[in-house]
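Report on one structure; see the data block that follows.
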């Protein structure tokens, strides 16, 4: 019934995880420093990589999904924790204005709202997501994605409340 | 001066004057109880409570009433206006009408009905009707939920309330409150709370449920349905509902004091003040009122299904069982139980 | 009910004990607590020590400090050094983060213990410290640009809005 | 492709609303006659501004949809237009019930990029302040849980304790809630001389008050037990699957605590144990929080005993300009794992700051475990997760 977590000293585990990933998928880049495994992966095989992390390597926790707008391409970082000291960072880059990538809610259900937030803030669409709606902004008549670099914030001061 | 009192004692005037006195008592009791509730709550929670209006805050009820007079009476646009406005009146009737049968002092009762208990029960059910009217009338989901909860709770807690009072009626042999108080004279060992202790507990708990106070606060579930049936009321209509709730609280404690703690009977013979015995009645009722306030600021609220289970599965069997025991005792030892 | 009500009675006993304990609330307007030495209240500026270096204007996250700088030879040393003619702190925007207090080289801007900042008009919350009143409604954002001297206040576009603002500011001057 | 989906979605939503208005006896797909209850943004038990659209069959929740964004200030966009030190006062306003932890997370992320060495005394003061903040957050969250169950008194006792902690914070940092006390590379100023005794004295008095005002008043209360035992029960798999962290996860039995598993700052030098419970329901959550209060008191005492000497600020240049790259910070806030991911492009303004807020992720529990509970249980489960609207709305 309980969730089994790896034992507590993270000695050989990062290398073990790296081996696990390396012989299953073609990684563009990979590295281990301290207790952090960093992988750079092609966007199409992200769900596959996360599936091996979840099923084969028992990494249970997806911490967050960060999207960085590199003007023209989007850089996604999936941070996975195995709840005992080792974290795995899967990085991908998607080209083009209308970025689309497969969803990982099937593997890590916690990604549901992370992906909705990424869609709301950046317009990155996740194919196959159960309910792809905006998280913060209102649904209709707001066709902008605020965190894009092209979205200018206005610092004009409004003083209509003057008496 | 004496003739004026005789003149007033004749029937048409006597009723009008006493009814005005009772109405005056109900409204003032509500005002004083709101003030005392805020003071008791504050003292329990380590703060002072209202102490800005008047000396040590004593004029606070006046300030509250004045504020509520000036507040606007809103009613929701899609509300059923007549039901919406009739609900507070329906809730205020029991709080005002039942004082007529309560004996304050020897010989000082407005109407000595010989079926006073029956009168009390039938009038309090109008209060339950008032809650449903308020909930339905305001046409909002929160109010609807509050009203349905209120209907379920008030009507199903009237059963243990009635049964717990039957025990006293069986012992006193009459339904009139004056006779019940008369039957409890002599020291406090004759009072009915000793032979009827489980009934007192059932009456007390059902009484809290009847006046919709924590832990049976569900019709007005503050943190769930934000005020329940009262959510759409404001200004004087809301004040009327609050006044009726507090007056009903005072009333339940007055009836409790009369039934179980011997009304205006002094605890010992030598403490008898003759016509001034209403001091004892006031003291006992005040103690019960304080216990209501004390419970309200300590306990959390029950859930609807737990409330129903507690009412039907624990209170009703307890009262029926104890009713049989009392009736058996009265039959077996007629001398002892009068 | 699992137990027979002991938990409820124990809780009632505790609240009864609290009923007779000493109360802990302070009656605020009559009794004002003395604030600790580091507490951050309203900002104030010691104008004669200010060298108009505009550091505080650049670092302020909410852009509530606006300074009008002029070259003036104040202390007769012949050389015209920068001098703060207008200095406004807009309390309606300040979040008391004290970044300006840390960044000021001469420590002339600091927090007081005054915390009751209330006004009927949001413009009154903009306190002027220099000789000439500075218009608080214009965002001194350009101060943050790198290496470039902060541009003069942006010229006014809507004259009508500025007129009402000016009238409000002058009105305040007559009032004080 | 996505535009049509979104338009179809909002049309369906508005369509259902008009359909319900015209035909009140409409049956939903489960064949139940339900009413939509807007437990709206302005509601006493929603821990800030959250709107739950509950579809109720009588009082049983059939479906729940959360609407967020009422307190969304887009902190991440503002952070992209401010210098690195100027973002710290912003992070106070994220989860405004755990300000110190938010600052700590951001500072750790930026220090991860700069290779600055933080003096041990600064680390110890940071841990001391964070643990005091955990006390000042767990106490009111227990009080809020009782307030939502209907008892009005424990919240006052909780805030009496929190006021005393805020007085200590005011003496140390200058502010009561929005501290802005941590700096990148250390702490703004050293502790005043009388503060260690004052904290020690306060922590002693808290232990006595905790037993009397929180444990005795609440723990055995039958109504509290009836309202919380078995309510919002979740299994360990479900909790880990949804990414729940903090007391809500520990109450199911999974002992994951970032202070021990991903040690940061001065935590390796203090011993404390991770409180877990097996219930997985609201009562277990309450017990875990009370246990964590006791552990935090233990940590505060250890830090006060072993407070190292030395200055409190590392050698950081006045204009912080981290090299191009990424910085990560992860902190155990009173509500769970708070992580910060800062991306810098070499200038003195961060290129991208991403906050992972525990309230935002724990809130996904609502859609999973609410169906089947009564309306009052919805409010109790909010007490179990104890989210803060500044956190989930960022």
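Letters A, B, C and D name the chains as they come in the text, with residue numbers starting at 1 for each one.
Assume a residue touches a chain if its C-beta (ideal position, glycine included) is under 8 Å from a C-beta of that chain, and two chains touch if they have at least 3 such contacts.
Keep in mind that this is a model prediction, so the values were computed, not measured.
Taking the mean of each chain's C-alpha atoms, the chain closest to the overall C-alpha centroid is D. Farthest chain from chain D (centres taken as the mean of C-alpha atoms): B.
Note on interfaces C-D and B-C: more C-beta pairs are in contact across C-D. Per-chain Cα centroids separate chain C from chain D by 29 Å.
Inter-chain centre distance (chain A to chain C, centres taken as mean C-alpha positions): 40 Å. For the pair chain B and chain C, the distance between mean C-alpha positions equals 55 Å.
Note on chain placement: the centre of chain A and the centre of chain D lie 21 Å apart, centres being C-alpha means. The set of chain A residues that touch two or more partner chains is empty. Across the assembly, chain B contributes 44-47, 297-299 as residues in contact with two or more other chains.
Touching two or more other chains at once are residues 153, 160, 217, 221, 223-224, 226 of chain D. Chain B makes touch with chain D in their complex at residues 41, 44-47, 141-142, 144-145, 214-215, 217, 221-226, 296-306. If you check the complex, the residues on chain C that touch chain D are 1-3, 5-8, 10-11, 14-15, 18, 24, 35-40, 59, 61, 95-99, 102-103, 111, 144. Listed in rising order, the residues of chain D touching chain C in the complex are 82-83, 85-86, 88-90, 153, 160, 167, 170-175, 178, 180, 188-189, 192, 212-213, 216-226, 318.
Chain D meets chain B in the complex at residues 35-38, 43-45, 56, 59, 146-153, 156-157, 160, 217, 221, 223-224, 226-227, 374-379. Against chain B, the residues of chain C that register as touching in their complex are 1, 8, 11-12, 14-16, 18-19, 21, 23-25, 27.
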